Amino acid sequence: MELGTTVLLAVIQIAVVMGVVLLSVAYMTYAERKVLSFMQDRLGPMEVGPWGLLQPIADGLKLFMKEDIIPSGANKIIFAVAPIICLIPALIGFAVVPYSEGFSLLGGTGGTITDLNVGLLYIFAFASVGAYGVILGGWASNSKYALLGGLRSGAQVISYELVIGLSIVGVLLLSESLSLRAITEHQDGGFWHWNLWVQPVAFVTYVIAAVAETNRLPFDMPEAESELVAGFFTEYSGMRFAFFFLAEYANMILVSCLASVLFLGGYEAPAEFLNFVPGFVWLALKTWALLFFFIWIRGTFPRVRFDQLMKFGWKVLIPVALVNILVTAVGVYIVNN
Amino acid sequence: MMQAIFIYLATVCVVCAVLTVSLRQPVYNVMALLTMFFHVAGLYVLLNAEFLAVVQIIVYAGAILVLYLFVLMLLNLRSESRHLHRQWPFAVLILGSVAAMLVGAMQAGGFGLPTGEAPAQVIQAVGNTESIGLTLYTDYLLPFELASLVLLVAMIGAIVLTKKELIQDHGEEQS
Amino acid sequence: MGLIRSIFMTELLMGMKLVFKQMFKPYCTLQYPHVRHDIPDGYRGLMSLLRYEDGSERCVGCSLCEAACPSNCIKVVSDEVPGQPLVRYAREYYLDITRCVFCGFCTEACPVDALAMTKVYEASVFDRRDLMFDKRKLYELGEQHLADGKAYLIAHNMDDGTLFPKEGLGDNRYSFPPVDLGEGERPVTVGLTREALEMELSKQ
Amino acid sequence: MIPLSSYVILSAVIFFIGVIGVVIRRTIIVVLLSIELMLNAVNINFVAFSHYLESITGQVFVFFTLTVAAAEVAVGLALLIAIYRNRKTVNVEELDVMKW
C-alpha cells in the first residue's frame, strides 16, 4: 500500500473516531445531568432544544466565549499548557481501540486507527501522562486549593493506575496478547465467552480503580467541591476549564471502552443471531452501559475520605488483584498442561 | 525518511537534555526531561523496541518524574538567584577528562562486533514483548529476582527515611 | 457473615437498587417560568395599599404599620386632608423592599385594613432604586392585585368578607371581627404564674 | 539507514550533559534529574546495540536499568525529604557537615 493511501486512511479514521468521541463527551455531560435528575425525581436541563437536547452545545459555546483569566502570581506558561497536557492523552488513547471487525477501506483495512501489538500498554502510558496536567495545573495556579487538589490527584492516580495495571494482567494471561484486537477476538463466540465470566474479580477491581482513576464520585478527591472548591481547576475559567472538563469525560469514555474491550467482548455480538448488527454498535452499547453505571454510582454513594481512599487502594484492591493474578496464572498453567 | 525522523528526535533529545541541566526553575527542568523521555521513546520505536518505548513512558514519565514533581510541590522549591555550584571552574577540569575518556573509548571501540541470533525480522515475527519476556524469564531469571530485591530494599529504605515518627522514636531512645 | 457481606458488597448493591428504582418515579419538578405554583390566599408577597370602592385612599396615615415593622422598612409622612381638619391621610408612604422581611405585621397593625399583601413574588429589577416603593407604586400594586389583597385579608382573619361595603364610606372603619367572650365570669389569668393558674382552674 | 555510530554519539552527548548537570548544579533535585539523563543515555546505547547486534539481551538490560532508576529515585527523593526536614535546604553547597 502506498504511503499516501495509508495517511489518507488514517486521517479519515481519526476524523471519524474523534468526531464520535467528542460528540459522546458532549452528550455524556447531558446524559449525566439527565440521569442524575431522574434519580433525584427531577427533570434536568429542559430549556435549550426539545428536552434540553442542545444543552451541551450551549454550554460549550458559553465556555468558549468566556473571558480567559490567568490569576496573578500564576506561572503563565505552565498554567496555559496544563489543560492541553490533560486533554491530549485522554484523546490519544482511542487510537488503538478496535471499534469494528476489520473491513477493507481504500485498499487498506479499517476497524482500528492503528493496531499496536502493545496497544494496552500504550493506553496506560498515555493515561499516566494525564496526571501531569492535573498536578501542573494545580501547582501553576498559585492557589492553596488548587495545589492540594493537584497533590491529592497525583497520589490517587499513581496508586490506582497500579490497581488497573494489576487487574488486567489476568485478562492478558488468558488472551496472550497486548493487542486490543487480539483480546477482543479471543472473546469471540457470544455472551458466555466474555472475559467477565472468567475474571469477575478482575472486572470488579478494574471498575473500582477506573472510577478512582477518572476522579469520579465517590472517589473525586482531587476536586471535592465541599472541601477544595473545585480542586486543581479552581482558578481555571473559560476555554481552559472546558479542556479539563473534556479531558475528564474523555477519560471516562476511554476507561469504559477499555473495560468493554477487555471484559465484555468489545465489538463482538453477545449471541450468534445478532451478528448482523455492526460491531461498533455493540461497542457503543457496552460503553454506554458502563457509563450509565458510572453515573449510577455517582448518584448513589457519598464521597469517601482521602485516607480511606488510599487505604482501600493499597490494602484491599492491590492484594486482591495480586491474588487474582496468582489464581489465574495457576489456572492457565493447569489448563495448558 | 528514517534519517529525518532520527535527526528530529536526536535534536530534541539533546536540546531538552541541555535545558534540563540549565533551566533555573525546577519545574521547567522536570518538564524538559519529560519531553526528552518522550523522544527517547520515539528512538526506541525507531529501533523496533515498541515494548520498551511504552515501558519507558509508563515508568519514567508516569512514575519517576511524577514523584519528582510531587516532591517539588511538597517542598515548594522555587528558582534561586544563583543556580550554579560554587566550584564550577574545578568541575570543568573533571568534565574535560570525562569527555576525553568518552572520545577515547569511542575511538578505540569500533563497531564491528559479532551479531547475535535475534535480527529484527525474528523479533517482529515472535513479537517484541514475547521475545523480551522469554529471555528475561529464562536466561536472566536470577538477575530479575535480584532486581525485585533491589526494589524491595529501596522501598523499605524510602519508608524508613521519610517516616517522621521512626526518626523521632530513635532519637528519644538515645537521649 | 459480615465478611461475606462486605466481599459481595451487599449494602452497596442495596443502595444502588434503591437509586435505580427511584429513576422510574414521577418527577416533582415544576417547569417554573412556563408552569407556576397555585399560591394560597395566605401567601405574603409584595405589600400593597388598598383603596375604597369609590377610589379614595384607605390609609389614614396613623403610622401604626411603621411602628409594627420589625425591620424598619416603612416610612409614613402623615398630613391633614386640606379643608377637612379631622381627616388625615398619608402624604408620602415609602416601603423599602430590600429590607422587608415579608412578616405581614404591618397588615395586622393597620386599623383600617389599608394594607394587604399580594401574591407577587417576582421582585427582581435591574435597578436597585426600583425596590424603594413609594406611595404611587404601592397603590398601583393594590389596584392590580385587589382580589389577592381581599383574599389575603380574609385568609388572615382580618376581614369577614364585609370589608368592602357597597354603600357609604367608613362603615367598617373601626369595626373588628366580633369576639365571642362566652358565658359567665372568666378566671383572671393575666399576671398569674402557672401554678396559681392551675390552682384557680382546679377550684372551679 | 542510520548507522550505529550516530546512536552511540547521541548517547555519549546526552551522558556528557548529564555529567555536567551533576557537577555544576546546586539543587539536589536537578542533580538527580541529571542522573536520570545519564541512565537514559545508557538505555539508548543498550537498545541501539541490541538492534544492530541482533540480540535481545540489550533490551532485557534496559529493564534492569529501569529498576535501578526506580530504586534510585525512591531512595534519592526520600533522602532529599529527610535532608530538607533537618536542614531546611536542598543545596549541595550548604550540606557540608562531612567536609574536612
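Each chain gets a letter, A, B, C and D, in the order it is written, and its residues are counted from 1.
The working rule: contacts are C-beta pairs under 8 Å (C-beta built on N, C-alpha and C of every residue); 3 or more make two chains touch, one makes a residue touch a chain.
Quick caveat: nothing in here was measured; it's all calculated off a predicted structure.
Taking B-D and A-C together, the chain pair joined by more C-beta contacts is B-D. Between chain A and chain D, the centres computed from C-alpha atoms are 33 Å apart. Chain D has its Cα centroid 5 Å from the Cα centroid of chain B. Chain geometry summary: the mean Cα position of chain A and that of chain C are 55 Å apart. With each centre defined as the average position of its C-alpha atoms, the distance from chain A to chain B rounds to 29 Å. Under the contact rule defined at the top, the touching pairs of chains are A-B, A-C, B-D. By the touch rule above, chain B contacts chain A in their complex via residues 27, 31, 34, 50-51, 54-55, 57-58, 61-63, 65-66, 69-70, 72-74, 127-129. By the touch criterion stated above, chain D contacts chain B in their complex at residues 1-10, 12-21, 23-27, 29-30, 32-34, 36-37, 40, 43-44, 47-48, 50-57, 59-60, 62-64, 66-75, 77-82, 84-85, 90-93.
On chain C, the positions that touch chain A within their shared complex are 12, 15-16, 18-20, 22-23, 25-29, 31. The part of chain B that touches chain D in the complex is made up of residues 2-3, 6, 10, 13-14, 17-18, 20-21, 26, 29-30, 33, 36-37, 40, 43-44, 46-49, 51-52, 55-56, 59-60, 63-64, 67-68, 71-72, 74-75, 77, 80, 82-86, 88, 91, 94-95, 98-99, 102, 106, 111, 113-120, 122-123, 128, 131-132, 135-136, 139-140, 143-144, 147-148, 150-151, 153-155, 157-159, 161-162, 164, 167.
Residues 75, 78, 116-118, 121-122, 124-126, 128-129, 131-132, 135-136, 138-139, 147, 150-151, 154-155, 158, 161, 178 of chain A touch chain B in their complex.
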